[in-house]
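Down below are the structures I want you to see.
Below, chain A partners chain B and then partners chain C, in two separate complexes.
== the complex of A and B ==
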């Protein structure tokens, strides 16, 4: 008779709890610091509960959240992130489809060129990119678009790579069936392949959102060399930190504030990432 | 519904490989024709050429007397069911079935009527709103069939549609397909590697090997008068028993001789041998059910040793060692034939098969029916 609590089960349970703690621990520390008062962050907190501040308060949160520029920067970052997703998906998905389905001479070269964009560190390519956005025909584009285009440069290789993988898992039978029934390749792509590929592409979209939201180097240079009265959030945060060494409460609060939208966004798109979307199509 | 004609159809790939060499088949309106053969024989390639998914390297394809080589798939009047069904997973059953109609901009009311008709015909009533992932294998297969049937195609192409079903369901769906064929009188081209499926479903069977047509004829013809050794060995389960040897003449009779066997061929075969046998090396074939087995010596028989018996319920099969070959002989169920005994096999004289032993091409003789 099998015991309900075998040694093996206890071990795995322990391992699971341990892993969760390791992941959540830094977030907890950040949270603890963000609600700390001055005495707490110098000494480390209340005793005999050393992990909780003496006088928890949300003052730092109030301070930053009541700052108008914080909100305008955050909104700016959101707009940029979504625009980046739209541009990189719009370019990347059809490109990936072509690379996944069609065999043409030079396909290896094309793939290498696309991926080689990411071989260069951001800092080494940022100056030429920023200069590009100063050129006459580009300069007068809205700043949101310019930053989004810059972010697309960074995110497009990943989108293409992810999308190629997604399209390759979709059986070609679906397209052949549509073709035999009279659908054009475009119709088959938009009405059949894309809906089936949605969960996989959503993963790519989340990645690009994160990339854009956190992007500092490109955002900084592109906005600095252009006329920008609103700047993306990471750049704005840098301006807040100033010359003096910032207190941990500020940093913790800002970090959590920046992380929040990402967590919320991920929860929302999670339902589109249900595995097994293609189950039932074949066999 | 219309007929279909393949005239010297050829498929050659850029690297020189010929998947289909020279195929000519005339399919009549309303006929159910199966393309059967081992993997790689070219049957699926042929079907795909008919569907328009592969270019035709040579020859003519005529659908309903119209040249269709360069006609787009959707204008050929065909509908195809894939081995994997290829149901669109994000669409409901009804949407799947109505897909072809929607693309061709059929009026919504007519479309819905046709979908209802298909659901009813295939026993899928009430499942219209379900997604493919919520259906069983047999139901999915019927949805794929329904999707093809609503288009009212001239020719229906089926690519191993039953391969993914379990044995019991396969037998049930075979009957369903036959019923639908009878009801709709559709022209159907059916690709399968399962010879039993082809035998039970088809009006005619076309057997292919390595891109060549080995024989085409009705199931009975193929079974009783196979044109060559390949067809003889491919159709029928358990397969036909073969003996390789030489054709000799003794006392005005044709005699089959090899290391272990000397068998006098019946006089009734004389004319057949004169017309068809062109060489000394021959293959003698006998089906398990056409052999009588006995412990008493026979004057003109084949000697062997009984090894084991297998019971299938409706038949018993005795494995007999003849020289180095293993023969399968059918006996009455429950007869419990003794094993490890010297036995004598007497074939039914009107059921013997004799072929040229052309090992080089393994028989290029093709029969048309």
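== the complex of A and C ==
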């Protein structure tokens, strides 16, 4: 069969290539800057910055990967992210199970309340949260926990939504049979339902990890208004941008180091990213 | 009479008893969100009704913060910038989302990979996207050099170096560009779901009647896509009102409402003013969303009648 090359097809092909280039261009630029040598970014105005460095090297990666400040920030971000996963899964998975199984008239209201917390602009809702964390009786909570609690507020509604979907795919017969055989509801939930739901829930956990890892507003406001000696990675990157004369190589390298785990994870959990990103879109 | 009430009561208690485990599992997560919901509402109202001097509460309750804001030029400017940001970035996201969704909706080899590539912006932390734009558009960066004709393969468009970051229009434009680049995948996914639910036979019928693809797009795709388009407009405009990070990094001297909140809260140590702006922002979002819903309903009714 002969392939037809109509004008329409060429138009779409062109559009596709163009879109792909626009998406990939900034990522390429980041990478290019991160391996640039000095002459490739300090040009003194004699020649424009080259599209590929004269003498590519990985010096800045070496510098960051042996820098204590970077590692302490990264460790701080990892701790926050895992704490966020633990809290939001611990609260979210059981709640989602109830919402998936329990049929009563108020379920819509409960779900609406859970999602409505995301209607507030982050930058508005972070003020009262930061103010609350500065009250005497919570002031001495570890900063990691404070930031993680903020992130949980953002992640929990999504976790509940994703997990409801996961639990709804598990046939109810499974637990009914277990109960017929004399298992308690708690036993049926922890030993039978949870193991079956685990793959879906794991993807939800990765989604929350990404959310926490990328989050800037809560991390920034909460660490800025408490005494914090380390800052999460995105906030660390922001301090580089605000420097008197920002070093593009350093910015680009740190940017890529922050993005790397995210990009890898995203390809694994694409399906669930979609569920999270479009939550509430389906009417 | 008495009996049926008692019966009802008993059945209610029984439902609770029967579902006690489910209620028990629901409560912790629900309480967490409810608690934060109440904290947010209570503290933001309390803070907005308190005046602060040097970070210390001075007088409460007072509407002084709101009065100050109505007289403030800075606030009015920030409001109009935020409004422009919403009005421009939302339709742009609809267009880019529609184009990418229509590309991915076609069947061709490597479609999965193309879709993954289109989803990439969503994966990259926002702060990283802003820093890339900052590098690209800063003085002596690639784009300024490109526009001045420093690269031999590109014609000179301007004769002097443009500083994107110290011009209000350009800086806001840059923030919008970043926002659209990052959030297009979300609109793409919503529209893609809409496109895939359109029955293929409608196109077949149109083709046999001799409709070309432009006509098919105008008379089949767009009308059937109205629910998805409405979703995109509502959800993306809410997100645009909430925007903080792009203008915060790329246009710090030309604050929108979100950036103004940060300025008052962190830099000027005035939580009262910050919270007042926060309250106004929430009210604006609610009003705008109600208005947009009303408008979309009108448009939808109009289209259905035609």
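Here is the rule we go by: the second predicted complex is superposed on the first by the 208 of 283 C-alpha atoms of A that agree within 3 Å, B and C clash if a C-alpha of one lies under 4 Å from a C-alpha of the other, contacts with A are read in each partner's own complex, and residues count from 1 in each chain.
Criterion: contacts are C-beta pairs under 8 Å (C-beta built on N, C-alpha and C of every residue); 3 or more make two chains touch, one makes a residue touch a chain.
Since the model is a prediction, treat every value here as computed from it, not as a measurement.
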| item | value |
| --- | --- |
| Residues of chain A touched, compared between chain B and chain C (which is higher) | C |
| Touched partner set for A:16, first chain B, second chain C, both or neither | second |
| Touched partner set for A:195, first chain B, second chain C, both or neither | first |
| Contacts of A:94 with chain B and chain C, given as first, second, both or neither | second |
| Which superposed partner A:171 touches (first chain B, second chain C, both, neither) | first |
| Partner chain in contact with A:152 - chain B first, chain C second, else both or neither | second |
| First, second, both or neither for A:263, with chain B first and chain C second | second |
| Partner chain(s) touched by A:117 [first = chain B, second = chain C, both, neither] | second |
| Touching both chain B and chain C, residues of chain A | 277-278, 280-283 |
| Residues of chain A defined as touching chain C within the complex | 8, 12, 15-16, 19-20, 22-24, 26-27, 29-30, 33, 43, 45, 47-49, 51, 90-92, 94-99, 101-102, 104, 110, 113-114, 116-117, 119-125, 127-132, 152-153, 156-157, 160, 185-186, 189, 210, 213-214, 216-217, 221, 224-225, 234, 237-238, 240-241, 246, 248, 251-252, 255-256, 258-259, 262-263, 265-267, 270, 273-274, 277-278, 280-283 |
| Complex interface listing, chain B residues touching chain A | 51-53, 72-74, 78-80, 82, 84-90, 99-100, 103-104, 131-135, 137, 140, 151, 164 |
| Chain B partner contacts - residues on chain A that touch it in the complex | 171, 173-174, 176-183, 187, 192, 195-196, 276-283 |
| Footprint of chain A on chain C - complex, ascending | 15, 19, 21-23, 25-26, 28-30, 32-34, 36-37, 39-44, 47, 99-100, 102-103, 106, 114, 116-136, 140-142, 145-146, 150-151, 181, 185-186, 189-190, 193, 213, 227, 231, 235, 238, 241-242, 244-245, 249, 258, 261-262, 265-266, 271, 274-275, 278-279, 281-282, 285 |
